[in-house]
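Several structures are given next for inspection.
What follows is a pair of complexes built around chain A, which joins chain B in one and chain C in the other.
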Partner chain A sequence: MLELYGTKLASRLLLGTAQYPSPAILADAVKASCASAVTVSLRREMAGGRGGEKFWSLIQSLRLHVLPNTAGCHSVKEAVTTAKMAREIFGTNWIKLEVIGNHDTLQPDVFGLVEAARILCEDGFAVFPYTTDDLVVAERLLEAGCRVLMPWCAPIGSALGPVNVTALRSMRGHFPEVPLIVDAGLGRPSHAALVMELGFDAVLLNTAVARAADPVGMARAFGKAVDAGREAYRSGLLEPRDVAVPSTPTIGQAVLQ
Partner chain B sequence: MKLTVNGEAHEIATATLAELLATLDYEGNWLATAVNSDLVHAAERALFQLKDGDRIEILSPMQGG
Partner chain C sequence: MRVLVKGAGVAGLTAAFELAARGAVVTIAEIRHGLGGNASWMAGGMLAPWCERESAEQPVLDLGHDAADWWDAVLPGHVTRAGTLVLAMSRDAGELNRFASRTSGHRWIDEDEIALLEPDLAGRFRRGLFFPGEAHLDPRRAMAALHEKLAGSGVEFHFGADAQYMTGFDREIDCAGMASRDDRLRGVRGEMLILHAPDISLSRPVRLLHPRLPLYLAPRADHHFMAGATMIESLSTGQVTARSMMELLNAAYSVHPAFGEATIVETGVGVRPAFPDNLPRVESHGRTVAINGLYRHGFLLAPAMARWAAELVFDSDKPVELADETDGQRRSA
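== the complex of A and B ==
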């Protein structure tokens, strides 16, 4: 069973809660996916507003692990303060740490990420860093105290799927004992299955489900793909070969010429 | 006293952060507050003195990826 910062999770799918057509569809999609955790964020509340209360009630009713994020933060200070505010509201020390470095690609500012991770880990947070597939950055994050890494496989919301399978495979090989979660860029269930077949421990996705024509159906499909990919990885995948090898026995074949 | 609350300018006479929240009709245990980019815990709001020019952020749970 997947274990993240001492917490055992029944499912290897973590699902985002943004961009769904309605709160009811969000709830149904989460249930259909069998996700073990959902991501949430913090935003400005309107004076007299109760939007946050309604959303938080919905999330609590799902009875899943909650992973707050620091989405939209472009500096270490912003990310650290947002993490502390999230801990205050959500009552968890889990934080999906995002320090964005580029407006167009939404790629992480890995230098700020490492700095913020160190500050938050020392403050008792369980940091889930949204990072790239760079091995040196990964090592720095582990040195900072992270016990989970969340590399992107493509830009957030792009639906491109794994654009650098070699790098992902290398990351898995370099950190065999570290839980690795592919976060961002997945577009199709087959993408999720592929990274799970590579040996990644879990996937985190949002847009591909929320923006599907049928989010509930797509959530279910992703849940199955994650399970299938994991089962395939554990079962031992056949390595590709350059030549054909007959699957039907050749011994005992009749000569009928 | 001039304050900036969630990016909007306010001219308001409140001494503490808790009074500000009450005056602007913010209530509930799902709110988190920061003053000048630093977290102010809910338990500290009643004693947290505001001063002219402070920037206050009042956040609540929202959908996220």
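== the complex of A and C ==
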């Protein structure tokens, strides 16, 4: 079972809660996906928490683990302040740490990310850093106290799917013991299955479900894909080869005529 | 029959009209001191059910598709039937395809046709979507005109009045929006700007698609434009934030750089009342009929809601439970 900062999660899918047509559809989609945790953006969706109690109580009624995020923060100071507010409002020390380096591409500012991660880890937060697939940055985040890493596989909301499978594979190889969650860039259930087949521990996504024509159906599809990818990884996948291998050997068969 | 309508937003005004048209003696109590300040006052005034279907569910289209006819019949001259133009920056071209696949009632148009429809946008966009069946109005002018029309036909208005002290009515229609004590309601904050851009003319609302913040520019009289609107899960009516203002202005500037020279005439914040499924409801509780949850579709859905409510009042035997119907449609959608 997946364990993040000492908490066991039944499902390897984490869902974002933004951009759904309505809270009712959000709730149905989360149920259909069997997700174990949801992310909530204090800043972008809830005006910094002012007057958003109703939305928060809708999220609470889902009875799942809540991973607040610092979406929309562009500096270490903003991210740290937002994390502290989130801890108070949502009553959890979990924080998905985003420090955005570019307003347009929403690329993480990895320098600010490491700095903010160090401050928050020292303050007792369980930090889930949204990072790139860079191995050195990953090492710095672990040194800063992170026990989970969340690399992107493509820019946020791009729906491109894994654009650098080699980098993801090498990240998995370098950090065999660290829970790795692919966060951002997934567009299709097959993308989720692919990264799970690579041995990633979980996926986190939002746009691909929230902006689907039928978010509930798409949530269910992602739930199945994550399970399928995980089971395939555990079952041992065949390595591809260049030549055909007959599934029924012909040499050495008994001749019965 | 004497009917008290609580609230003079678009729900209350349209309900008063439908009730008075059926012969009710109508009084409107509004807690504010005038027509301004509520969510309706900050509305875009787009009668655009086909565009809204991109994110809204089917009942919004079903209930809203004849809204333009209603407003045109009640307030002749207020409705402009010039359609809606939907555009995207070239790097967000995929958003247009997505929008097209989620909606109906549109056709693709190229650069030349965009220039024919909106000469000021000539050469700025390679292609777009045109929704010819849509319309728009100026919400503030429409509310003022409807107020005048109702007052002229004998509807009594009490501004700055607390309805709980008003008695002697056979029925009450609760159109108080967020002020209604309904636990299911939540507020969705919307921020808007009114810009005065003398260098630009637009004949119809223009929507600029963007993966994060879709914006619309609704033309008002004399080169004024409403730029809106954000969607934030909050009850807060505090001032527009710098971030929201920057994003709205950025988007307006992307539609046409001349918006950079516009003056900001007004910034506004409204809180839209919404139920968890973002669909409206008309419900009857004893002598009270409540219209609520119009969310971002006040001018679009109020006429249909007003008719439902008036039918409930005048034909109480007929079980009209819109909540159940929309719920059924949602499940089957």
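Assume the second predicted complex is superposed on the first by the 241 of 257 C-alpha atoms of A that agree within 3 Å, B and C clash if a C-alpha of one lies under 4 Å from a C-alpha of the other, contacts with A are read in each partner's own complex, and residues count from 1 in each chain.
Keep in mind that, in the parts below, a contact is a pair of C-beta atoms (placed from the backbone, for glycine too) under 8 Å apart; a residue touches a chain by one contact, two chains touch by 3 or more.
Please read these numbers as outputs of a predicted model, since none were measured by experiment.
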item: Which of chain B and chain C A:P189 touches, first, second, both or neither; value: neither
item: Which of chain B and chain C A:A27 touches, first, second, both or neither; value: second
item: Contacts of A:N206 with chain B and chain C, given as first, second, both or neither; value: first
item: First, second, both or neither for A:G161, with chain B first and chain C second; value: neither
item: Chain B versus chain C as contact partner of A:K84, first or second or both or neither; value: first
item: Touched partner set for A:P151, first chain B, second chain C, both or neither; value: neither
item: Partner touching more residues of chain A, whether chain B or chain C; value: B
item: Touching partner for A:P68 - first (chain B), second (chain C), both, neither; value: first
item: Which superposed partner A:G52 touches (first chain B, second chain C, both, neither); value: both
item: Chain B and chain C footprints on chain A, overlapping residues; value: 45, 47, 50-53, 55, 157, 207
item: Chain A residues touching chain B - in the complex, by the definition given at the top; value: 16-20, 26, 39-45, 47-53, 55-56, 59, 68-69, 71, 77-78, 81-82, 84-86, 88-90, 156-157, 206-207
item: Chain B - residues contacting chain A, complex; value: 5-7, 24-26, 28, 30-34, 37-39, 41-42, 57-65
item: Sites on chain A touched by chain C in the complex; value: 21-25, 27, 45-47, 50-55, 58, 72, 157, 207, 211, 213
item: Contact set on chain C toward chain A in their complex; value: 55-57, 98, 101-102, 185-187, 189, 211-212, 232-236, 238, 241, 243, 274-279, 330
